[in-house]
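Below you will find the structure I want to go over with you.
Think of it as A, B, C and D in the order they're written, each chain with its own count starting at 1.
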C-alpha cells in the first residue's frame, strides 16, 4: 500500500509537469481558438535559449529575463505574421499553421544554438526525500510548487487585472469583445507571450529533468491527452487532467508494465483519453455547445 | 425538286434518312433526331392535327420560343396545307390575338396559354400549372399524337406557309420561301454538312427564310441551345458552321467579349490589342492568329464558323471591325457574305 | 410522390422541447392534411424552427408524440424522417459549399441509391445505369426550378436567392412526401418572393407534395397557404385557414397587430 | 488555349460524366502514361528510380489515402504512418507465413488489414470531432508503433527488429531492379489513383463531401454519418496500407517500425496541405514538392564553399523553410498547388478572355 501511494504521488507530481505544458495550450485556445501545436516547440526554444545563455556565462536572472524577452518577441511575431493573416479561417487551417510554426521554431532554435544535448541544473538537489515512509523526489515537489505558484499568478492575472477581464471577454465572445473596443491582436499577442512564459517555466523544469534537447518539443504529445481529459478551455481542467494522466501513467508503468511490456507510457495516456472521450465528448470541464440549425 | 417544305423534308428523309437532322440540348445533354425519324414524327403530328380538324386553309398559331416541338408542329400543320402564324411569346399579343381569333394554338407555357382566348384547341409544351384544372381544349404536346396515322402530304407550292406579325403582317408561301432559300444556299455554298444554330426568336421572318427553309433544302443539321440564357456556352460546345444573327445579336456577342477582355494596362491586354490589329507582316499575323484570334474564336464557339449570316440592318462599325479582325464578315441577306475558310491563318486576314 | 391514403399526413401531439431548462416549445399540437400547404408564423424566437427540427428529427422533444404517415413515434430520428420522405431546407442555407449545384442536387438522391459503393468505384453492374437514372431525375428537378444555367457552378459562388433555390432543389430531388421549408423567402425582394412562392405552389400541385413552411411575410403566407398555425413564445395561439387566423383576436394582438 | 473545345458535345450522361470530358485531356493523359511507362524506364537512371520516382509515387499514394479521409470526408487524422506500418508488416507476414501467396495479393490483403485497424480507430469519430478526433488517430500512431516493436513476432524475431522485403516476383518476373521497382510502384499507384478518382466522383464521394461541408444537413437528407465516416477510415486505411507495403518493399527494402513514426504522418499531412485538400491530382504535386524540395535545397547548398554549412545546419534550415512554406501556403493558397493548376487551366480555357 505504502508503495502504491508512493507511485501514485510520484505520478501526480509528474502530472503537474504535463499540466504545465497543457496550461500554455489552454491559454491560447481560450483566447484565440487556436489549437497550438507549436507549444512544444516554444518550450524547446525557451529552454534552449536559456541554457545556451547560461553556458555563455550570463547570470541566471539575466538569462531568464533575456529568454522571457525573446519569448515575447516571438509571440509578437507569431501574432503579426501567422495569426493576423489567418483570422477567421477554419480552426483546422490554423492548427496546420501551428504545425508549420513548430517546424520553424524547432529549426530556428537548433539553427541558433545547435542540436547537442545540454544539461541544466536549477540547483535543486534531486535526492529523494522521505515523508511518512514514502520516498518522494524533491525535484518533483519543487516542480509542483512552481506550477502551483504559476497557476496562482495566472488566475490573479485573469481575475484581478483589466487585461484579464478583456481576455475573458475575448474568450467568451470575440465579436462582442471587439464591439466594446477590445483590440483582439493585442490580446492575442499578450496571450501568446504569457503562453511563452509558461513555456519557459515548463522548459526549465523539463530541461532540468530530461536535459535540454530536441525531444523536449515532444512534451506537446504528452499534453494532448491531458487537454482531452481536461477540456481545451479550462485551466483547472488542464491541471486535473495532468494529475490524472501522470498518476495513470505511473501506475500503468509499474503494475501493467511487467505484464505487457515496457514503453507503454507513450500510448497509455492516449487510450485513457479516448476512454474519457467516449464517456464525455467534451472532456471533464469543457462546455458542450448545442448545435443550432 | 421539292415544291413545298414538307416535300423538302420528305426528300431529305429519303436521300439521307440516317443523317442527323435536329440536335437540341435538354436536361444537360444533347439529343439527336435523324431525318427519317423527323419525317415520321411530323407525319404523325400532322395526323394528330387532322384528327382535331386542322385542314387546308386553316392556320396554326404558335406562341413559343425556338423549340424543336414548335418547329415540328409547324411543319406538321404545313404538311396538311395549313399555314402557321408565329408570334413572340415574350411580347404582349393580347390585342393581336383578339383580332386574329385563332382556332388552333401551340402555346409554350401557362403564360402563353393565358394570352390566348377561346378557340378549338390549345397544345401546350410546358405543362406546369396546367395539370390541375383540365380544360377539354387543352392538350399536352406529349399525348398529342397517340394513335395518329400519317396522312398524305397535302401542301401546294403556292399555299401560304408562314405568317408573321412583327411590325407589319408578312405572308410567305412555300414557293417564296424555297426560292429565297435556294439563292442563299447557292451564294453561301451551304452543304449538308453544315451545323446551324437556331438561337433566335422563333417569330422572326429571317429565321424561317434563311435558316429553317435552307435547313430543309440543303439537309444540314439544325441545333437548338438549352435556353436563350445559355446559348453562348452551348455555342461553344457545339461549334456551329452557320449562324444567323441580327445587328443586335452580333452586337451583344461583341459586348459579351468586351466586358471579359483583360483589363487595360495588363500584359495580356497589350497582347490582345497587338494581335487584333490588321497588319501586313505575315509573321505577326501568324503569331496573332495562334496566340489570340484562334483561341478567341474558339471561346466564342466560332472556330468552325463558315457562314455567318446577318438579317436586317448592317452591323455597327464597332462590331463589324471586331468580327472582321476575327475573320468573321457577316453577309447581309441582300448580298450574301463572302465565303470564309474555317481558320486558315493567313486567309483569315486576307479575306 | 403521391400523398398517402389517410388524409392527415402529420399530427403533432402535445410536443414540448427545452434546452438546458429553457422552454423552446410548450405542448404544441396540430395537424397537417396531405396535399396542404401549411404556414407556421410567429415572431422571432416563437419556436418555429425548433418545431421543424422536431418534425424531422434534428431535435428530440422531451414529451409528446409525432404521428407521420400512419406511424406514431415518441420522437423522430433524422434518418427515419428522411427515409419516411420528409425533406427540409434551412433558415440559413445549409448547402454543401464545396460542391457543384448538380452534385448538391444529386446528394438528395442518396436514399434512392441501390448499388454498393464498390460497384460504383469499379463502375460495374447496375451502378452506371443507376447513375444515369439519378442524373436524369436531378436534371428534371433542376429544369423544374430553372437553375440549369448554373448546373456546374460551385454553390458557394452563387447569389443568395439562387442558393435558396438550389437548396429547394436538393430537397425536391428526394421525391419528398412532406417538405419543410424554413423561411424559403427570407431576404428576397418582392419579385424573387413571387417567383419562389410560384415554385412552391407548383411543387405542391405537380408532385402533390405536402408543404410546411415558415415565413414572416404575412401577405405571402395568406396567399400561399391552405392552413396557418400561429406560434408565440413556444405556444400555439392560432390554427386554421388564413381567414380564420386573420380574424383571431389573440393572433392580431400577439403578432399581426404589432 | 492552343486546343479547340468546339464541337465536343455529349449526347449521353455517361459521356458527359467521364473524368476527362475533353478529347485533348484524354490524349494528354495517355501521352503522360505512355511517357511514364515506356519512356521513363529507358531514360531514367537508378538514382532517379530509387531515390526520387519511387518515393514520389508511394508518397502521392499515401497522400491520396489521407486526402480521402481528411480532404474529402473532413476527418482530421495524424495516424497515417501507423496505417502504412500495419499494411507493410501485414504484407510482410503474409508473404512470410502463407507460402505461394502472390505479392500483389499480399499487398491488397495488407491494405485490407490496415483498413480494419483504421476502422477500429475511426470508431470514436461518430461521437467526437475535429481536434478530439486527432487524439484518437494519434493513439493509433503510438499503439501501433509500440505493438510492432514490442512483439517480435511481427518482425519474425529479427534481432534488430526490422523487416526485409521478399523477392519482388510477380508471375515469375523479377521486379527487384530499381527499374522494376519503379514500374511495379507506378502500376499499382496508377491503378489506385484511377479507382480513387472514380470514388470521389461517385455517390460515396459526394456523401463524404456532404458530411465534410455540413454534417447536420447531410444527416437530414438521409446520409448515414457513421457509415460514411467509417468507410472513409476504411478506404483511407486501405490506400495507406498499400502505400506502406510499397514504401517498405519497393522503396526501402528493409524497414523498422520507427520508419513509420509520427514525423511520417506529418509528412503525409504536409503533402495534402501543399498539394491541396480535396483534390486527387494535388497528392502527386504535393508529394513531388516534398520529395524534390530537400534535394533541390541540398544541391543549392552544395554550391556553397564546403565547411560553411554542415549537414545538421542544412537540416535545420530545411525545417525552417518547410514550416515557412506550410504557413505561406495556408495563408496564400489554402487549396494548394492543385488549385493553382486548376486556375491556370481555367484561365487557359477562356484565354484571351478573363472568365
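In the analysis below, contacts are C-beta pairs under 8 Å (C-beta built on N, C-alpha and C of every residue); 3 or more make two chains touch, one makes a residue touch a chain.
Note that the coordinates shown come from a computational prediction; the quantities given were computed from them, not determined experimentally.
Engineer: Count the C-beta contact pairs for A-D and for B-D, then tell me which is higher.
Structural biologist: Greater number of contacting C-beta pairs: A-D.
Engineer: From the centre of subunit C, which other chain's Cα mean sits the farthest off?
Structural biologist: Farthest chain from subunit C, going by C-alpha centroids: A.
Engineer: Using CA atom averages as chain centres, what separation in Å is found between subunit A and subunit D?
Structural biologist: Roughly 33 Å separates the two chain centres.
Engineer: Using mean C-alpha positions as chain centres, tell me how far subunit A is from subunit B in Å, no decimals.
Structural biologist: Between these chains, centre-to-centre, one finds 74 Å.
Engineer: Taking the mean of the CA coordinates per chain, how far is subunit B from subunit D in Å?
Structural biologist: Spacing between the chain centres: roughly 52 Å.
Engineer: For subunit C and subunit D, what's the span in angstrom between their mean Cα positions?
Structural biologist: Result: the chain centres lie 41 Å from each other.
Engineer: What are the residues of subunit C that contact at least two other chains?
Structural biologist: 58, 90, 94, 135-136
Engineer: Would you pick out the residues of subunit A that each touch at least 2 other chains?
Structural biologist: 293 - these are the residues of subunit A that touch more than one other chain.
Engineer: On subunit D, where are the residues touching two or more other chains?
Structural biologist: Subunit D, residues with two or more chain partners: 12-13, 216-217.
Engineer: For subunit A, which residues are in contact with subunit D within the complex?
Structural biologist: My answer: residues 35, 81-82, 85-86, 89, 91-93, 95-97, 99-108, 110-111, 114-115, 221, 224-225, 228, 232, 260-261, 263-264, 266-267, 270-271, 273-274, 277-278, 281, 291, 293.
Engineer: Where on subunit B does subunit D make contact in their complex?
Structural biologist: Those residues of subunit B that touch subunit D are 23, 28-32, 195, 236-239, 257, 260-263, 268, 271-272, 275, 290, 292, 294-296, 298-299, 301-304.
Engineer: Using the touch definition up top, name the residues of subunit B that touch subunit C in the complex.
Structural biologist: These residues of subunit B touch subunit C: 26-28, 128-129, 131-132, 226-227, 229-230.
Engineer: Mind pulling up the subunit D residues that touch subunit B in the complex?
Structural biologist: 1-2, 4-13, 15-16, 349-355
Engineer: Okay, in this complex, where on subunit D does subunit A touch?
Structural biologist: It comes out as residues 76, 124, 127-128, 130-132, 134-136, 138-139, 142-143, 145-146, 149-150, 216-217, 262, 266, 269-270, 273, 312-313, 316-327, 330-331, 334.
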